[in-house]
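What follows is a single structure, written as structure tokens, with notes after it.
Going by the order they are written in, the chains are A, B, C and D; count residues from 1 in each one.
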Amino acid sequence: MSMVKETLPNHHETTHDLQRFAAQLDKWVENDRFYTAEGACASYIPALQKADPAQLGVVMVGSDGTVLQSGDSEASFTLQSISKVISFMAACIDFGTSYVLDRVDVEPTGDAFNSIVRLELHKPGKPFNPMINAGALTVASMLGKRTPQEKVESFVSLINRMTGRRPAINEEVFQSEWITAHRNRALAYYLQENGYLEADVEDALEVYLKQCSVEINATNIAMIGLVLAHDGYHPILKEQILPVQVARITKALMVTCGMYNASGKFAAFIGLPAKSGVSGGIMAVVPSHAGSPQSPFPNGCGIGIYGPAIDDVGNSVAGSKLLKQIAREWNMSIF
Amino acid sequence: MSMVKETLPNHHETTHDLQRFAAQLDKWVENDRFYTAEGACASYIPALQKADPAQLGVVMVGSDGTVLQSGDSEASFTLQSISKVISFMAACIDFGTSYVLDRVDVEPTGDAFNSIVRLELHKPGKPFNPMINAGALTVASMLGKRTPQEKVESFVSLINRMTGRRPAINEEVFQSEWITAHRNRALAYYLQENGYLEADVEDALEVYLKQCSVEINATNIAMIGLVLAHDGYHPILKEQILPVQVARITKALMVTCGMYNASGKFAAFIGLPAKSGVSGGIMAVVPSHAGSPQSPFPNGCGIGIYGPAIDDVGNSVAGSKLLKQIAREWNMSIF
Amino acid sequence: MSMVKETLPNHHETTHDLQRFAAQLDKWVENDRFYTAEGACASYIPALQKADPAQLGVVMVGSDGTVLQSGDSEASFTLQSISKVISFMAACIDFGTSYVLDRVDVEPTGDAFNSIVRLELHKPGKPFNPMINAGALTVASMLGKRTPQEKVESFVSLINRMTGRRPAINEEVFQSEWITAHRNRALAYYLQENGYLEADVEDALEVYLKQCSVEINATNIAMIGLVLAHDGYHPILKEQILPVQVARITKALMVTCGMYNASGKFAAFIGLPAKSGVSGGIMAVVPSHAGSPQSPFPNGCGIGIYGPAIDDVGNSVAGSKLLKQIAREWNMSIF
Amino acid sequence: MSMVKETLPNHHETTHDLQRFAAQLDKWVENDRFYTAEGACASYIPALQKADPAQLGVVMVGSDGTVLQSGDSEASFTLQSISKVISFMAACIDFGTSYVLDRVDVEPTGDAFNSIVRLELHKPGKPFNPMINAGALTVASMLGKRTPQEKVESFVSLINRMTGRRPAINEEVFQSEWITAHRNRALAYYLQENGYLEADVEDALEVYLKQCSVEINATNIAMIGLVLAHDGYHPILKEQILPVQVARITKALMVTCGMYNASGKFAAFIGLPAKSGVSGGIMAVVPSHAGSPQSPFPNGCGIGIYGPAIDDVGNSVAGSKLLKQIAREWNMSIF
């Protein structure tokens, strides 16, 4: 366990309070770690398989810079589907929400994340939302300028601005995904046929798989969550990074489609915007107004969780349990 | 226009403030009424066709009893799909959320509200959520005790408790729906085959179509919204009517699946839990913590809207515009 | 084993030849009976469950009245889906093919026999063919005059004309099917909503389930097959019972959709028009021109098979093997 | 019009008879040419768009070499989907039917020819039949040896053996198809992911699109039909080119899935195995036993038709009418 009290004072938190909160968090992590046994690391790429399934860690960052962290909070992992949230924000910054939403809808669907069915049945093939692979490929194809390098740069630099750290791409993971991307290629060609790809198939795939392969840690995604918690305003840098509307649409998308086919259950039982990836990460947001006086973060916070053992749906098993416990015990919910 | 200031004092609202807010609301209603021309009254039952498509009205009720209302706010209409929210709450009160959620899931789906496809493709036919017809039929079949009368009573009495008024069933609408309920009968028999109906098909249909035919007005649904805004606590009666968890799950369901196939867009662009019906009603919730200081209701409120001209998806055209304007101008959002 | 030489002489068959053919058939029945162990009697209605799964019998009837039969050829069973062929013919006789084909298509589909998906996805809900339940319900709703009794009579009297025997309805089977017909009711209401039912739902269901419950034996269905073999002409009664076009469309439907989801495999590997039922019956047709000189029936024949142990798809396991062996060994194929 | 009487004598045809038959055929072609106005040339590749939509021609070849032809019977066109029949036969010759049918099923489906839905819904993605694009891609990937050149050679040389002419590939059509093959690439990657592709995606596509681009004429496809009419035996060369079983499975596939989504209607109303392509060709088969004494070909024949104006489903409008007229007037049917 470690607990960091940053420089800025917070109206109700004394060192004593924070120690109490930190102890609670440690206990929950310790208990929820047992659930890691109910899942397994994603098997479809070797690199993900190498992770230690027993890991579980969490980082919470408040608007004054207060950080609470516990467990395996320093572990590095690849973004995978969490990247879909970030590329959506980057595309909205680059082109405006109207342009982006002309090319991808924001409706949830009960289909699997890599489903192609709805593209065929619902002409003319506009992807249902940016959190399924089809929509994420469309978004990746738009990003930045013309070349894949420029598109990846648009994505990476947004992370840099929000986290203060320029992330690297895990080349092993990228190569591994590139080789086995048959299904995503099928989706991309389908999108291209229907005019929902703004780049060549191979370029769009390169961008998409590179954004999935970006190395990150729980603190980084907690920082991104924090910016979303404040409607795009970075409370530590004191800078509006995203337009308010983009931040709100993003949080709405996380609630309606962020947790794969368990999104409805997350909304119902946890009640916080969240996005998961098959590497075991979860990025969650406690919007400033949903912060609770019973919690260490009365003005909201960003939450980063890592637990590589995932369930059938693709969400971190122990991470989901931990997030539910945090939300319930500290009474944080947008509803 | 009318504006009612109830007895309880509110920390920031003076009579002057409320007059200003009321004037704003009047202006928006006046402007948004133009959009009624873009929709049409639901045609599949004659009784709905009789409504005046140019109507538009709104009622907002705050926790201290403050009421703001404007336009055709006194009009009476049938609940239609708004009833799905109420029957879900009634079933959870009667049997607990575990029992209810064993029989109906809470996942959004991009399918039409009366779709049967997913019941067939996703064995063994558990309905995806209580906001689509299949799920609502399952919920209706559970309600109360054994007979259809007892089941309808469970529903009606919950409305009575929340609104202080015992609503009547519009017999003409009910008969009209009963005669043309082929598709709902198809759904009900399908559910029965798969064991997701807790009553006979005809009984379940009677309950469901009666709940759809309950007469209500904008004030009534604003009151129900207010109870949800306070997590099931009735701030005027000072009574906990629903368990907190039931209220939160209900609000989550409204966000993920409350506005038919435009639910994702409502979440993204309006950001309030809302449920619509084809009669043109919309029930919306501003949770207490999402209330904004720039609004007349800093502690949240319930909103009832009526505008019978609906769009292709089934939502009130002008009502949706009005709700969007209210939420944006007064900065009310759960995100 | 038994072998019956009827009165009419046949140009190439001597008593000696027929004895040889009969011996072959006996041997095949004996061998194929082993395959009954690979299937099981249909379980969804108790009456079908009572059949002896080890039974296997066959009757072949030629145009001169020659009958070859072997095994449990006298057993009585209910028509089930074989009735779909007969009601289609009856409707075409009653109303003409144009009228019937305006209400039901003739395209094969890879969906399950009781699927509802395609009715929803392919607006406006016209059933794909008369061999799936949806199409058979539409056909049953058309038959004869107004009442269910008259409709059933249209069906029963056609069987009487073709087989010389007025069949009875197995009331136990009918009651059993009536009680558990949830899925068929769902289909029927769906059809009614889309205007593809020419009778009330309950009447259409009564007719359909009664036609399924008609008692028949292998000789009877072989006789019906014989009439089809001669394009609707009854070679023994010397009477044209069906228009040629109706007989040909019927045989085409049997080839493209007669054997549930194994229709394509039957066409490819057996090559004879055939229709099966879950009671274990198979009616097959060797059209007159497809009769082979190496067979006992150079001018074609009708074939009735009974073997109540069915496979996953719904076809008699041993019956299918037997039909394949007969077709191959005696070189009978329409291709 | 032209009529060719080849060297071999035919038992019932005198020159006088043939002249009468030829006159009939001329009249039908003349009349049916009016129907070309109801269709249009395929638009998705420029090269097909260049064809003259008013063209209509037919060639019929009998087992003794008698040829009847009429209209634009010399026109050259690309095989398009007719190639699916030939590549299926080539794969069966190269690897045996068991090997081929382990990788592609033979069940009809009501889905569009380029549909991907069923691959997703019916795990694990085995294509339903070789006449839809998915199945044809699987078959193309198997053909011959390892390289695309060798695979195309396997296809081309089979045509050479059956028609006596080595066909060329229309490079303009191939290039045109290659550039716009997004949907086929999507299908191919999907197949690869599920293990139903025996070559690289790009190689399989090259083979498939080259086989579609093979230049042919009505006489050539009539010759192939003639070989199928005689169960794989070439009656003029007096050589068994295909195993009997392969020929029969092929004819069965043509009946159940040869004419896109009108296959059922072709079986019902025409009753001959047939395969069409979007270039406007139709290859049809009158099996030897289905030849009729009223026709010029009492021992069956092969039929090649060309009429580039196609209908919504993809079949030649006038060509379908002509085939129906020929079959009905000369009483040729497999049923």
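Methods note: contacts are C-beta pairs under 8 Å (C-beta built on N, C-alpha and C of every residue); 3 or more make two chains touch, one makes a residue touch a chain.
No experiment lies behind these values; they were computed from the predicted model shown.
Steps from chain A to chain C, taking the shortest chain of touch contacts, total 2. Most remote chain with respect to chain B, judged by CA-atom centres, is D. Where chain B touches chain C, the two copies mostly use the same residue numbers: shared numbers make up over half of all numbers in play. Of the two chain pairs examined here, A-D and C-D, the one linked by more C-beta pairs in contact is C-D. With centres taken as mean Cα positions, chain D sits 31 Å from chain C.
Rounded to whole angstrom units, the spacing between the C-alpha centres of chain A and chain D is 52.
Shared interface positions of chain D, defined as residues touching 2 or more other chains, are 121. Working note: touching chain pairs come out as A-B, A-D, B-C, C-D. Chain C contributes residues 105-111, 118, 122, 128-129, 231, 247-249, 251-253, 255-257, 261-265, 267-269, 271, 273, 287, 289-290, 333-335 to its touches with chain D in the complex. By the touch criterion stated above, chain A contacts chain D in their complex at residues 115-117, 120-121, 182-183, 185-190, 192-193, 201.
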